[in-house]
């Protein structure tokens, strides 16, 4: 399996959440992930993209950026916005913490990303934006051959 | 139906041809196109992306760029490469013309794009790259409501 | 739309069956529809059936917890059923399994909420 | 891989059944496999069955025309069958309908190529 790379940019609109999931899943499926791995990847894409739309841009105009790389059969995923940023990343990562309880947010987004991925790195600056970088090691990656 | 926009960039590798088709189809399906319209869009994406990979980059390293916009319920599609470019665009557009008959190319790519889309514009400069811009008017676009 | 919502009433219980994909884009639909049905039918109890659900993320957790709060605030009971492995993992992570009961089928869930 | 190729021999005819997606990425597989089978079986005639094919673009036209040239150069006949509307449009646009015959089913195609 050779390395491979894609970048996606789209309007920060809720109907693009499913589009983002489908696109990353289509790219990643060349590695023959298990159904479980694919569902986990779709879920973390959904979490990070939803955060960019709701929290980053507060449902105003904006662009969401996704980068996905296949490196030695593993997946690196970067999801980025140029929105308002996170003041306290440690607090944001706490399970059940949400700044928008009135919107029925569960505060589980980052916890799910941490659970479903092998590495996560959050870089955020208020007024500049947020960048979430995640890595997932696939179980059968040494078997993948195309 | 609000306007919507996405941009995609990926490695010029043949396994990304199907990825490009799936991604554009997923984005465009928010307009509820007919099966026929969706197949036509997938086909022109495949033609232009394949051309970028085979002719633009001659199967060497490179990046393919896709832009897709939904404007008033219609589709604008731009597929671009920074490859070798086309010397004579008029000749290239002729049905059955191919510069790579030894690769069993049919020379039908541009003819298919012209037939399946409502507008096509090809801008190319040798040594700089090629940009194909196409527009498709969807039949039921006035009915689309999401 | 990528989410379908079907509702039914059995005795004192509103049953909500979801199929398709439940994310932030579609969660609002669920919230409005379930609130509307609870208001209209005046049923104290609620069952959510996830049999047809192909995808859910934390926006789904939020909408379920929101309904749980309303139902229990009114003295009702809430149960979930037909939950696949992916959903179960999300429920577990969020601690929801400690407060909302999950059943294999709708009728098993009904035998729980149905008893006044 | 997103393309499956199945082959069979009936009398003097090689039958190739394609399913999945035929594009530039998968066309090479078809070319190699069909060339290999024609060499091995020494059948003069060729039928290509597209019943299971979900997608094809002009790279598919190229690989079909390439096989047509080989088969007719050796004095054989070639036929296509189970072609859906999308494929038919591509065959029509390229002028292929004027040189290669298309049949509804494999057995109808065989009754054409099968007669020596």
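Should a chain be cited, it is by its letter among A, B, C and D, assigned in written order, with residues numbered from 1 in that chain.
By our rule, a contact is a pair of C-beta atoms (placed from the backbone, for glycine too) under 8 Å apart; a residue touches a chain by one contact, two chains touch by 3 or more.
Quick caveat, the model's predicted, so the values are computed rather than measured.
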Centroid comparison with chain A (C-alpha atoms), farthest chain: D
Geometric centre distance via CA averages, chain D-chain C, whole Å: 52
Between chain D and chain B, distance of the C-alpha-averaged centres to the nearest whole Å: 26
Separation of chain B from chain C, taking each centre as the mean of its C-alpha atoms, in whole Å: 43
Residue numbers of chain C (touch at least two other chains): none
Residue numbers of chain A (touch at least two other chains): 15, 18, 146
Pairs of chains, among all present, that meet the touch criterion: A-B, A-C, B-D
Residues of chain B defined as touching chain A within the complex: 2, 4-11, 13, 15-16, 18-19, 22-23, 26-27, 30, 146
Contact set on chain A toward chain C in their complex: 14-15, 17-18, 21, 36, 39, 42-43, 46-47, 50, 53-54, 95-96, 103-106, 108-109, 111-112, 115
Interface residues, chain D side, partner chain B - complex: 2, 21, 23-25, 27, 31, 55, 57-59, 61-63, 65-66, 85-86, 89-90, 93-95
